[in-house]
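For reference, chains read A, B, C, D and E in written order, and residue numbers begin at 1 within each chain.
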């Protein structure tokens, strides 16, 4: 792997946000925000440029310190990493612009919100580092960077509820990362390397490999709020400030999912079994239905959106059983792998755009009204047509109606499900969409309903609504280059070893 | 029984005690201490493998990882402490409201 | 024969951890935890991990111990003022406690035992991967230092270490975020025992010299930036305990500079090396030793200031 | 000689375990702190003997670390716990 | 542990004396430690416990340090060990003073019950 083209983009993607965050620490309120915004724009621009670079040159690597693995750490930017970094860049830029106007129009006297910019830049550095990392321990460090900054951002609002939720989030996240680290310790003991690729080659099936698979998966499921461990997510995400909620739900939860995807496809090939895939898929299916059902019952808009996150993240897990071949299935005949894979990628993109748009819209409503009771959405189309439009468009993408990105995701997933013959996942996908349609149309019905009394609201800067709307439109625009994207994701030369093997013939369970 | 075997067995027991503590304990401080005990278990696991793989000196990579890990774990624990104390200061609560 | 020590130590560790979690009184938990930390430090020694032992004793027992003692005091006293009511959203329902707790507890206990057995089997059966000892031994001469752990920390895996320095800074920012930015507390200048002041004044140079020794000794033996940083950080803590608000005395700009110095200098060094055509943190072999020492010293000062700041801010 | 060192270490460890009784019984914070002091001193003794047994003189640095940090804990306890007299215990 | 019985027999006479002294010093040190622990357990109140523990333990540590210094045989190490012992004496003397003072002050906190 070390003979791939080297580039300094991967190192810059981590270093630049840290540098800008450090610089912004030196300034007080206004200067801090300016430095922070410039840092965000630069980081986002760099992310987009490096994405373009990967589409041109294929996988890029950066050998830190010049020490090759197993001793050193390798940063690797393959098409999957580039995709995640690209999404983070686009969504991050729009959220940063939103945050700029959100904070500057708030006229908050205490300087607490100045911390937002440095923490957000550190978080961004952590995310980029996570997507680029090719080393199990480095993944732990980056995920801790993300945890600390994410919880700090979540408690920035200073409300008691946010503090409780933040502490619970932090404790759950520390537990999750410690469980992950125990698995890493066992894997290191049994293979003598921390590099993903080398470990995938060296790992032998056995009790240790199976146990580390279980403990790492459990730890990461806590961190990504998968079904039995979702308890911390709704309060933490709903009690944060609007831009923070958007960051947390659109980007942060994807981090743990990304590690899980990497490990399952590149390291645990030997110790995976058909049953493991089915189990993960089952928790995903339960999360889809249960999360959507809970969302339907909520009375607060941000709680609803937070529960919807649990539901939408469940879809990502439902692609796992499709990627693991049952014993006896010839790898050549597994034509459902590509659709399942692209469905997963589309779900990641669509959810990042739609969910951040929804949280930003919720933020606009809180901004205007001071609260976010769903009842108060009445007559939204009249007084905030753009926000209503954003909610509508993002909602349509969440449901999966054509021609949205969500539709692509669910369509590809269903295609994979039917091609593989694992038809029992299809009802969950459809029921999830139906329930999602339930809560989205509940919101839209209220938005079109006439108001009972005249609503007093604060004026909201136009640009906030534009940002939310752009993000919502983004969840549709990702469909346009679908051909190129699928080709990019499937282009074998730009793939890492594990994902390449998936495209060729899936991960084999030990038979 | 070799030294490293004793300690690697101890490490998972400590990890399990820590997990149990995080779930079962009610007081914030206890939960935070439980996470540190859990971390101690994980680090013990790393270092016991380092001693097993010793040649002229013990494997230095796990030692370095553990030093990094201890610092990271202590930083998160300090942050958790600050949250817990802030909550206590604002509300007088010592536990999560649904765990009394 | 030496196995007896290890078995005894293992039993002590497990007993202390259990006691720590099961103790009904909070002060018992915390003091048992100190004992646990010291025993763990002895366990590191038995596993030939002297660096880790120093780090554990210094950071996990010393620094964390100070924070925990302070928090214990906070949680032990009843608040004199009336606490505010919980501000809960309407739908934040408090779950009703289950009346029949026996069955879930039994299930939890069984699950716990099963988990324990599986994990013990997994560790017992861990195949010998061989580790990275041989590779690091081979590359050690090129790293610029003679102590393998320092070589791994500051050269082979310098990226991790750099991120870790960042984590400490982020932890400090996170503590700011949790508490809101206010003024640093001004410790009362009364109520300090004169003898205590003399003791503190005696121990501060001891700490400083010993920290510097560890920092420099890290090139050849156990020690290094983090251990030194904690010792230097405890200088700041001692100053505060003795009634000298040293942290608040430093001007704001200088404080910020000191805090970000470690992270920033490491990063700029990395960028410069990258601009020179190498990879990030790729030291030229001839200058590796001196570059590592400079980076370590700056990082140690930065971490020491950050730890002092964490203490000062947490205990306000 | 090595066997003798082991006996000494085991003896000191048992000593520590005995001292735990005071830690658990209390009754005040100061009593518990005394027990940790015993832990620290006996731990230092164990470290010194271990330095002989494992033939590693760098362990003496750990002894100094133990020492300076135990005094830090005591000063912290004494200083922190006596402030704010307005609070009701 | 390592079976070096043969080597031991071949060692010269003074070495044996030094070893014997080391053994004696360590045994005496252990005895003091035991006395300190028993005092910590059996004595009725904090001040007597403090007295027993600090005196006995520091003596015990001193004997063990002396024994180990003899064992290592190098003067520099002996000086280092002696300095460590001095530092310990100082810190334990101050800590016992501080703890005693702390106890004498009226406003002693009670143990915080978990709740």
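Methods note: a contact is a pair of C-beta atoms (placed from the backbone, for glycine too) under 8 Å apart; a residue touches a chain by one contact, two chains touch by 3 or more.
These numbers come from a predicted model, not from an experiment.
If you compare A-C with D-E, the chain pair joined by more contacting C-beta pairs is A-C. Taking the CA centroid of chain D as reference, the farthest chain centroid is that of A. Measuring from the averaged C-alpha position of chain C to that of chain E gives a distance of 28 Å. Look at where the CA atoms of chain A average out and do the same for chain E: the two points lie 56 Å apart.
Mean C-alpha positions place chain A and chain D at a centre distance of 47 Å. The distance from the centre of chain B to the centre of chain D, each centre being the mean of the chain's C-alpha atoms, comes to 21 Å.
Chain contacts: chain B has residues 8, 11-12, 15, 18-19, 27-28, 30, 45, 49, 52-53, 61-62, 65, 68, 72-73, 75-77, 79, 83-84, 86, 90-91, 94, 97 touching two or more partner chains.
Shared interface positions of chain D, i.e. residues touching 2 or more other chains, are given as 2-3, 6, 26, 29, 33, 35, 64, 68, 71, 75, 77-78, 81-82, 89. Multi-chain contact residues, meaning those touching two or more other chains, occur in chain A at positions 71, 137, 141, 144, 148, 151-152, 155, 160, 163, 166, 182, 186, 188-189, 192.
Across the complex, chain C is touched by residues 1, 87, 90-91, 94, 97-98, 101, 109-114 of chain E.
Considering their complex, residues 1-2, 4-5, 8-9, 12, 16, 19, 23, 25, 27-28, 31-32, 34-35, 38-39, 41-42, 45-46, 48, 50, 53-54, 57-58, 61-62, 65-66, 69-70, 73, 76-80, 188, 191-192, 196, 199-200, 203, 206-207, 210, 214, 217, 221-223, 227, 231, 234, 237-238, 241-242, 315 of chain C touch chain D. Taken together, the chain D residues at the contact with chain C in this complex read 2-3, 6, 9-10, 13-14, 16-17, 20, 23-24, 26, 29, 32-33, 35-36, 39-40, 43, 46-47, 50, 53-54, 56, 58-59, 61-62, 64-66, 68-69, 71-73, 75-84, 86-89.
Within the complex, the chain D residues that touch chain E are 1-4, 6, 8, 11-12, 15, 18-19, 21-22, 26-31, 33-35, 37-38, 41-42, 44-45, 48-49, 51-52, 57, 60, 63-64, 67-68, 70-71, 74-75, 77-78, 81-82, 85, 89. Listed in rising order, the residues of chain C touching chain A in the complex are 84, 86-92, 118-119, 121-123, 125-132, 135-136, 139, 152, 155-160, 163-164, 166-167, 170-171, 173-174, 176-178, 180-181, 253, 256-257, 259-260, 263-264, 267-268, 270-271, 274, 278-283.
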